[in-house]
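Here come two complexes built around subunit A, the first alongside subunit B, the second alongside subunit C.
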Partner chain A sequence: MTVYMRRTKATLVAVAAGALMLTACSSGGGGTSKNDTKDKQDQNAKQQQSQITFGDAAASTGPAEEVPGAKPGGTLHALERDSYTHLDPGQIYVSNEGQLATLLHRGLTTYKLDSKGKYTVVGDLATDSGKETDAGKTWTYTLKDGVKFEDGTPITSKDIRWSVERLFAPFITNGPAYLQQWLANTAGSDYRKLLPDGPYKGAHLPDSLLQTPDAKTIVFHFPTAQPDTPYLMAMAGYAVVDSAKDTKEKYDKAPVASGPYKIKSFESGKSMTLVKNTNWDPKTDPARHQYVDTFDITFNHQAPDSTKRLMSDAGENQTSLSFANAVDTKSTPTVVGTASIFKRTVSGYQPFVGQINFNMKKITDLQIRKALALAIPTKPVWQALGASYGAEYAGGYISPTLAGYQKSDPLGKVAKPDGDQVAAKKILTDAGKLNTKITYAYINTAAGQEYSVAIADALKKAGFDVQRKDLPSDTYYDLIGKVDNPYDIYASAWGADWPSTLTVIPPVFDGRTIADQAPNYSHVNDPKINSEIDRIKAITDPVKAADEWFKLNAYITTDVIPGVPTVFYKQLQLFGSKVGGVVYNNVTSGIDLTKLFVNQ
Partner chain B sequence: MLRFLVRRTLGALVILLFISAFTYFLFFAIPHDPALLSCGKNCTPDNIALIHRNLGLDEPIPVQYFHYMVGIFAGRHFSVGDCSAPCFGYSFANSDPVWPTILNRFPLTLSLAAGGIVVFLLVGLGAGMLAAWRRGTFIDKFFSSVSLVLSSMQIYFVGPIVLALLVYNNQIMDQPKYVPISEDPVGWFSGLLIPWCVLSIIFTAGYTRMSRSTMIDQLQEEHVRTARAKGMSSRYVFFRYAWRGSLIPIVTMLGLDIGTLLGGAMITEFTFSLAGIGRLAVDSVLRTDLPMLMGVMLFSAALIVLFNIIVDAAYAFIDPRVRLS
Partner chain C sequence: MTSQTQAVVTDADDGSIDPAAQTQGLGKQAGDIVGFSPGQLMWRRFKRDRTGVLSAFVVIFFFAIAILAPVISKLYGKDPYTLYGQNNSDLLNEFGYPVAPNGGVSSSFWFGIEPGLGRDVFTQLLYGIRTSLFISVAVTLATVTTAILLGITSGYLGGRADYFIGRVSDLLLAFPSQLFFVAFMPIVVAIFVDPQDETPTYLRVTALIAVQWFLGWMGLSRILRGQVLSLREREFIEAAKVTGASSWRIVRRELLPNLVTPILVQATFMLPGFVTAEAGLSFLGVGIIEPTPDWGRMFAKGGDIAQNDITYMFFPGIAMVIFIVAFNLLGDSVRDAFDPKSGR
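Entry: the complex of A and B
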């Protein structure tokens, strides 16, 4: 999710430009009680934090549970900020494309969100979420009967093999690399050596790694245990590609659909129209619906524009929504404070956790890092992101959206979001480090300027000699992403790829992955963290693994102190009065597109 | 005339060549690697190197520039597909072919510019000339004051207010949108009416003031006084002699404005969520998308240069005293 994060992190700060300092329940036009807003938030938080389970064959059988009141037909209009850059599953990583992929593409597994708000990983093209043998090293999938591409061609194990093997080809550079790395048992990009040209010159992965003994069966043999395989197979990046119609780079513009909708037209940067895929069989799909006749998607709608249109609820806007745009922070008080508008909202967490990184190549003294951690206030960041509807104070680096989440506050930042500059000054004084010079690099957006001033002031109060250094928003991550960057502290954010800490702690804190532009922005290289990552990765029981990840999180947060976790990102979304079946989906970080219908 | 056009065209090509080289080489001074656009999570140095190879960024910059320029005249082959001349390459960000994308976006920009120009010429020239004709009267003071107020307005301020008043709150008009004129002429007109009016606001003020002052100057010229002395009617003198004489500075200004508007009315397109050339330019800058940025830059520059030539040529028709040499 790096590219997404690069853009999103910059955008998140940019979006918050001029953000209002909202109070917890906001003000506004009146009509919405504090209880209404709190209930909505609590309900959502509870749903987010429930444990995700792996479903069996019964749970993986279609059709999907009916959405109450749903009616077929009609056109929904989607107002999106960004056009879709990638449509080839192998190249899809960012959230808005992953969200669209739920309508277009199917993989071996998917997430089923039921009417009680429970998430289950179920078989999508496969009959179940995967059969594990050999202590988590071997995973077997069997394809369902009746699964087809949009042209009516049956989907076979040959297509799955092809979809996996093409990920090794040099033109696939943007999608996730977990599966390739797991199969090759390597880190970084070395996996490409396993199949340098993909399947395009006749070479294939050996049976010792990937077997397709018949048209229905796919067996993955991983060199090491991979208990998160059901999650992995649900990523849009591992959805099926039609082997007979693979046009390599060109597939990114005209993919063959396997989901309930197919692309009728796409003008990059302008519009996209989706229509029903008549070869999608609801009996094979436990998670998706096909209520809407047509999705009419237009791009270039910034959040203020989409928010104003949806607030007006006039004409076509009644059947409009935005898949990915959040409510504009400037309009949030009105939206939250006006009952007739607020009832047309859903809200939830995004997978991102913000932090102020300490550059451990430069700040090697633990006492100084401790003092920084105590002194830095997280409230300015929370306020700049839109307060309670845009963020929640974070106690650690693991988001509430991850399985087995445990609430904790080891640094006391949730309890004291203003920081404790007195305690920090005492640490510096005792250590003889008063007036330590700190170069604080911040993103030069309105929000960045706003919270960086407050943070710098707090650090000065604590006895640091702070120099603020503004970095342009479009090159911010390029500059802090360099291993030899000259800055001491800077903000970043990271989001999980699936609801497991495996996609958070290793990429962000494994010292063996330090490289230019790698997400270990603090340059943490702690032997205990590295060895613990290896140990926990080998645990096949997801519940036990989650527990161990949280223990490691506590060690990182309080003993190593590579930074300060600031906030969990959240968002509020608005829709027109004639849009039905709107549910916020934690996994796709936005409105769940598979349940939508038009109230005609 | 032919010699003039040939000479100016050659000059224009040199200008465009200079702009292309300047933009291309300057791009690499930006501390941002375009490979990161396609590098995904856990972006490794190996993956960045691979993307550099895929995009041709592993070659020396002068070699890249040479291939780029050759592509414009002779076409090029890319892994995404063949690109026939004029080939401006494929977007780094989303592999869209640059030239077809520009052509796809241009009708909206053309429609927006054409409608806006009609509005601000009609209103601006009309008000300016009326003010000049009735110099010193209430009409003159009124239009002069209004133009002063309008010239201090900005599209990003007026646009949202107009939208709130006419669309969101009172629903008097439909949401602005672009429909090709060939598909629905009425929808084309109604969809762009608000953007035309808002776009024209800042231009109208300039044309009102310019036409008023040039017309006042013209009305004091000797040949105008002579015409009046010969007994010609005020209206005849106004339109036959003064108006024509006042056109040169207006045409100069108009030529530059048309070129600029056709190169993309960025703020208007952003304000009304329209996807034209201006939007494309901003997106390509924000995404450090070199091929798209180069394409838009050259396209816009070519239009500005072209309209400058047209303006120069038009002088001869407007004022017979001007000879092209």
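Entry: the complex of A and C
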């Protein structure tokens, strides 16, 4: 996933003038806040670093662990910024839709977040997270008894086969393409040739790829080893679709639910109402609950709007929350500084890791890249995102949300977020490269202008001739995504699709994937990285693989230096005082919807 | 105050059309009868208008600090570009807001510290005013000159020239100037700037002036055209024509002196308009960009962070309000002074 920076709409000058009359003076910002924030943060980080495991049949058995103090009943109001564009599982890729999908759709596997904060990949429709044979090439899933769609028809292997095969149909364009590519053993969109019309004209995938020997068994035969299959099957994009009621394009607005809730009404861009799905059996589900009677979702609530409503905690706002909106950065100091509001927050990571890319096609000298990496301050970026509530200094490219995360700081950026311009200048002087011209392309938003000034200022101090180049925010990623772009350094962010480094290092650093608009924005093409990627991809032991990815990450960060990692994105979310069971889920990067209840 | 004799000389130089003044000039031995040119009369009336004088001083003060910004900044010991807050971590808290109360106002930072980058607000404001006023004065001069040229031409010549200029100004009036600028800027950058180089500030300033000038002259031009249309049928113009005066002389000596009032009054109303327009563009993020200090952008930032640091908005905000009000009052006073019958 790529982060597209949102542009805040400028409001009228008149508003600013009017506000002048309101208050006479303001209190100080104060020093660093020292309440229980720190503990909350540390606890969250610890929870992150635990290894994500693949659960067995026992872990995959329902019902889910009770949420302490949970009461059934009541209505929750959700204030969302964006309406849901896609509800068809095959079309779901965006994180807010993926989050909603945890209530509506079930897949072969899912993530279970227990009361201790440990994440496990467990069987959802399937009895376990997947049985692996043939060195990771063959994966077998068996469906549980009693799993049904909202109309009461049982979910069978036929539906799973259908759900996979329809992903090859031409109208499925927005979902992830991993499974299709793995089955077809190709890159890009070539996989569509395998089954050009999907299952709609009677063609099916051969048994050599996908086998459904009986109504309960599904066997995937991948041409190459795919040890991340349990993660993959948990993606909302691979959830089950009712083969008997597949309305193709129309399914996107009115899907058949398999999860604890079903759609009662949906007016795109306005509102959505979810009610209990009576054919969902809690005994089959190890991760979800069905405490709330109704979810009443309304759209078009920008972050300042939802934040102000939830901060006020008046009337209906007490039973409100926002699934995906973070606290507005401008309100963060108030939210954090007011104990009564701060206790109604949860915080956690988003999957994105920010970096400032160095264009390897233009800056070929390692010494210059080293000097850049040392000189660039990451603090301005961190501050722009809302300080420690919106970001955490990054030491490497692998986010704390990924399995087996290890803390590291090989470039010393975490220890010194202001950058080390003196050391950088020394490197430049020794290499005789003082006053090297660096074209720094930045996104022309208010925040972008500001942090680019701070970064350019630091680079000037280090002895670079910095040329700041403003790029329009709506075409920013298109411009830096060109292989022959004329810029030297530019910021980008990348988020993992599932908690494994496989969805980070190969797309971002594999030199063989360089293409216009490919996420390898630095144009890294290092033979050692390429060969290591191939080697680690074949390791079937997830723990060992994670370890190897981290070694490769260290090599990239310190020896190749295709950029400098800046921050891990985080977010702070607020909820009303009568909302219970609020836990931040780092995998769906937002509040975990399956545990919510209403405190009446 | 000029002497009587000088007044008469100036009078003649002004090419005044007031027959009374002419007669008085001829009878300069008349002793007690003191003659004043319209300019002198206006000045006398203006001096009696206390609001007008006060606003004039305020306006002059703003121009003075804009011109003297580098001197003041030197005496004060800080500049608008150094990131004090980034260099000294004690000044801003972790969110980037000033640690000290009231936006960090202190003896060393008179107007406080800018949240985020930590620059000095006082010098930022001085230089911001300088940028905005420079651009606005340049735009005003350019538009007024253009409007005079085109307005008088179309009014005096009439016919085809009038038709042509009239349609062009209709067309240009239909352009939304802010949107035009938003669309225009990337093209200018693409044409004039190497993609690897920073867009120079002078280019942005030139483009800002050019666009505002290009789309700003029509109003005054139409007013002048109307004035000229009515004046050119008057007897004194007829008389000048009969005596064989050239068109150029008629425009310069007969028409222009009669147009001074609308030109001056309009210009004093246009300048604050351009200041706010420039501020508006920067507020929208398309005008002057970081790190060049800019009044409008300070405003935008002030609104953005008002929740956490309301103090920051006070200085650019109050300064802007005072300046615009003073300039508009000045415009009113100038109009009243020129034409005491209007608006009283």
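Keep in mind that, in the parts below, the second predicted complex is superposed on the first by the 567 of 600 C-alpha atoms of A that agree within 3 Å, B and C clash if a C-alpha of one lies under 4 Å from a C-alpha of the other, contacts with A are read in each partner's own complex, and residues count from 1 in each chain.
Convention: a contact is a pair of C-beta atoms (placed from the backbone, for glycine too) under 8 Å apart; a residue touches a chain by one contact, two chains touch by 3 or more.
Note that the coordinates shown come from a computational prediction; the quantities given were computed from them, not determined experimentally.
Contacts of A:526 after superposition on the shared chain: neither subunit B nor subunit C is touched. In the superposition on chain A, A:174 contacts subunit B only, with no contact to subunit C. Of the two partner chains placed by the overlay, only subunit B lies in contact with A:516; subunit C stays clear of it. In the overlay built on the shared chain, the residue A:547 is in contact with neither subunit B nor subunit C.
Shared-chain residue A:299: touches subunit B; no touch with subunit C. With both structures placed on the common chain, the touch criterion links A:281 to neither subunit B nor subunit C.
By the touch criterion defined above, A:453 reaches subunit C but does not reach subunit B. Of the two partner chains, subunit B is the only one touched by A:507; subunit C is not.
When the two complexes are superposed on chain A, none of the residues of subunit A touches both subunit B and subunit C. Of all residues in subunit C, only 83, 86, 89, 92-104, 115-117, 186, 195-199, 276, 279-280, 283-285, 289-291, 299-311, 313-314, 317-318, 320-321 touch subunit A in the complex they form. By the touch rule above, subunit A contacts subunit C in their complex via residues 10-11, 13, 15-17, 19-20, 22-23, 25-33, 330-334, 377, 379-380, 383-384, 386-388, 418, 437, 439, 444-446, 449-450, 452-454, 457, 466-470, 472, 486-488. On the side of subunit A, the complex with subunit B involves touching residues 1-3, 5-6, 83, 85-86, 93, 170-171, 173-177, 188-190, 192, 248-250, 252-253, 267-270, 298-302, 304-305, 308-309, 311-312, 314-317, 474-475, 477-479, 497, 507, 513, 515-519. Subunit B makes touch with subunit A in their complex at residues 30-33, 36-48, 50-51, 53-54, 79-81, 93-96, 101, 104-105, 160, 163-164, 167-169, 171, 174-175, 269-270, 273-275, 279-280, 283, 286, 288.
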